[in-house]
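In the two assemblies presented below, subunit A is common to both, partnered first by subunit B and then by subunit C.
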Partner chain A sequence: MRNLLARLFSFFKKQQDISIGVYGPPNVGKTTLANRISSDLTGEELGSVSEIPHETREIQKKERMELQANANTLSFNLLDMPGISTKVDYRDFTEHGMEADAAKGRAKEATKGIVEAIKFLEEVDACLVVFDATEDPYTQVNITVLGNLEAKQIPIVIVANKIDGDNADPATIEEAFPQHPMVEISAKEGTNMEQLYDTVVHKLAH
Partner chain B sequence: MLSRPPRDNEPLDGVPIEFVSQDMLRSKSFQDKLAYILDRVQDNMILVLEESLTPEEKKELITQSVEHIDDTFPGIEFSSMENRPRAFEKMMNTFARRVLRKEQRSGGLTIVGNSNVMEKVKENRNSISLLAKTQDSASRGGV
Partner chain C sequence: MPHQCMNCGSVYPDEAEELMHGCSHCNSTLFLFTKDADPQDTDTLHEERDAVLEEIDAFLANVANTEDSHSHSIVFDLESIKIEEDGVYAINLRRLLEKLPLIVELKEGAYHIHLPSAFTQGEVSRFDVSTLEEKEEK
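Coming up: the complex of A and B.
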């Protein structure tokens, strides 16, 4: 009886409380993607977007969203994570016109955000790992994020974003990490979002 | 750059690179290794370690180095290249991990440096290209 209750509890927990983390380095379009998903499913955006790196410095959460594909429904909370990087240099922000003090404050908040995002790698139930399709995908941040998720057997969907960019080459992402399903999108233009939703539901809904 | 060997106490104009053997690394716990790495990279040194890092170790390296970022230390660049173990090695590694609860390493290479003095140029499964920047360009700070 206790086992049955535990299984039922775990079933409902799984059905109602799935947390999907949006991970990746800064400026790959994580918040643009989270906003697109949130807008499509609830009509509301999640966070602000900027060309200056580390615009998202705290985890942004949108709760109780629902995706449907075929006969499956997936209920989930979406967590837009701060971008993970190995360095934060405040002068990168001053180059975008910020005053030195403001830039130093932003850099300090960014380091806290990175640590928080890394700690949450073990808390999420599934991940959208976002790549900039115009950049080299084979970086230690990407390898580390994927390696840790794989070690915890957390389901992953790779999102090759910015396919609207001039030099976009999503095939290099697939070549570098062929072990996970990949969807090519432009979060900015809304391209292939239905394909992404189908892939997520197929991967996660039971 | 100096065109002759430096005299005693003469400041060096260049990037110090330290090669660390697998024997030395094996004698340290991971936390000790991490402390050793962070201590040196904060002094603008580049370390070449004769082993790769596990995903968990890379995660710790990123976390702890980011926590150390301040006015003079903007963080790290690193690259880690694994040896692809043969079937027998894979079997022995699995045995060591599951039965002996010990992480067996099959070599590899890790390069880690202060991002003031090191910039990754290109990395793939079989090679790493890096640019070591001189101290002149290493004057940029972190937070």
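Coming up: the complex of A and C.
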């Protein structure tokens, strides 16, 4: 009896503790997606969005969200991660009209954010890896991050975002990483969000 | 046993006059007492070097022949983050993803090793690039 109670307790604890990280390069729409999920499920947004790269420089967390699909329920915490890149250059920010000193400060924070996002891979139970469907998926960041998640055996759902874009080509992403489930969405327009929720619950709820 | 001039590298035998009066090429009076090279040792070194070169060639040929050769890279870098100039950072993702201490190259050949990250993972998230630069400026 005690054993059964312990197993039930650990089951619910595990269910409540699931952390889903939103990973990907800068400007692929991670925060737009996190905001969409958060407002769909709680009515509140998570972070600010900008055209200037590295807008999210600290991990943003929304706790205790719940998804339901068929008979399954998934309780989780959503973690919106800073964008991962191999180079941070303050000139990318001054191009958008930012003063040099402020841009250099932003570059430092963005670098720190990348370190935090990578080290937090140890803490997440699953990942939504976001791609910009209008860009080439074969980049060093995508290949390195996905390879590392696979090595750590962290469940992955690939999100092909910005399918509302003119040159969107989600099929290339599927072709590049066929080993993971992929959902084509537009976080901005809210397209195919139900399909994403079904895929996440199917992949993670047991 | 030969003697080698420490300035220009000229070699003189034992009891050569130059050892007393200075090198005939550069007049330096500093000489290094060197050991005769054993021809057998030299042969072994050459064989080992050739074997290593063959191994590297075979590895490179193998990588070039695979379909996904674009995903392979040979990394000899040490640093996780390189501060190229104020506000410009190059990030070595492969190195950062390994469970190794963070190493920041502040300038060419000058490294800062973030020791807390070598011992406790929780400390890594507190890593602050700006504090490293301030330390360097002091």
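The working rule: the second predicted complex is superposed on the first by the 196 of 206 C-alpha atoms of A that agree within 3 Å, B and C clash if a C-alpha of one lies under 4 Å from a C-alpha of the other, contacts with A are read in each partner's own complex, and residues count from 1 in each chain.
Keep this in mind: a contact is a pair of C-beta atoms (placed from the backbone, for glycine too) under 8 Å apart; a residue touches a chain by one contact, two chains touch by 3 or more.
Note that the coordinates shown come from a computational prediction; the quantities given were computed from them, not determined experimentally.
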Using the superposition on subunit A, decide if subunit B and subunit C clash or fit.
-> clash
Determine, under the contact definition given at the top, whether A:M98 touches first (subunit B), second (subunit C), both, or neither.
-> neither
Subunit B versus subunit C as contact partner of A:F120, first or second or both or neither | second
Should A:I158 be classified as contacting the first partner (subunit B), the second (subunit C), both, or neither?
-> neither
Please work out whether A:D136 is in contact with subunit B alone, subunit C alone, both, or neither, and reply first, second, both or neither.
-> first
After lining up the shared chain so the two structures overlap, which partner does A:E150 touch, if you call subunit B first and subunit C second: first, second, both or neither?
-> first
When the two complexes are fitted on chain A, the stretch of subunit C hitting subunit B, from 1-9, 19-27 or 73-81 | 73-81
Subunit A residues contacted in one complex by subunit B, in the other by subunit C = 84-91, 104, 107-108, 111, 114-115, 118-119, 121, 138, 140-141, 143-144, 148
State the interface residues of subunit A toward subunit B in the complex, per the touch definition above.
-> 84-91, 104, 107-108, 111, 114-115, 118-119, 121, 136, 138-141, 143-144, 146-148, 150-151
In the complex, subunit B residues that touch subunit A = 54-56, 58-59, 62-63, 65-67, 69, 74-80, 115, 120, 122-125, 140-143
Could you please specify the touching residues of subunit C with respect to subunit A in the complex?
-> 70-71, 80-81, 86-94, 96-97, 102, 121, 124-125, 127-130
Partner subunit C, residues of subunit A touching it in the complex | 84-91, 100, 103-104, 107-108, 111-112, 114-116, 118-122, 138, 140-141, 143-145, 148
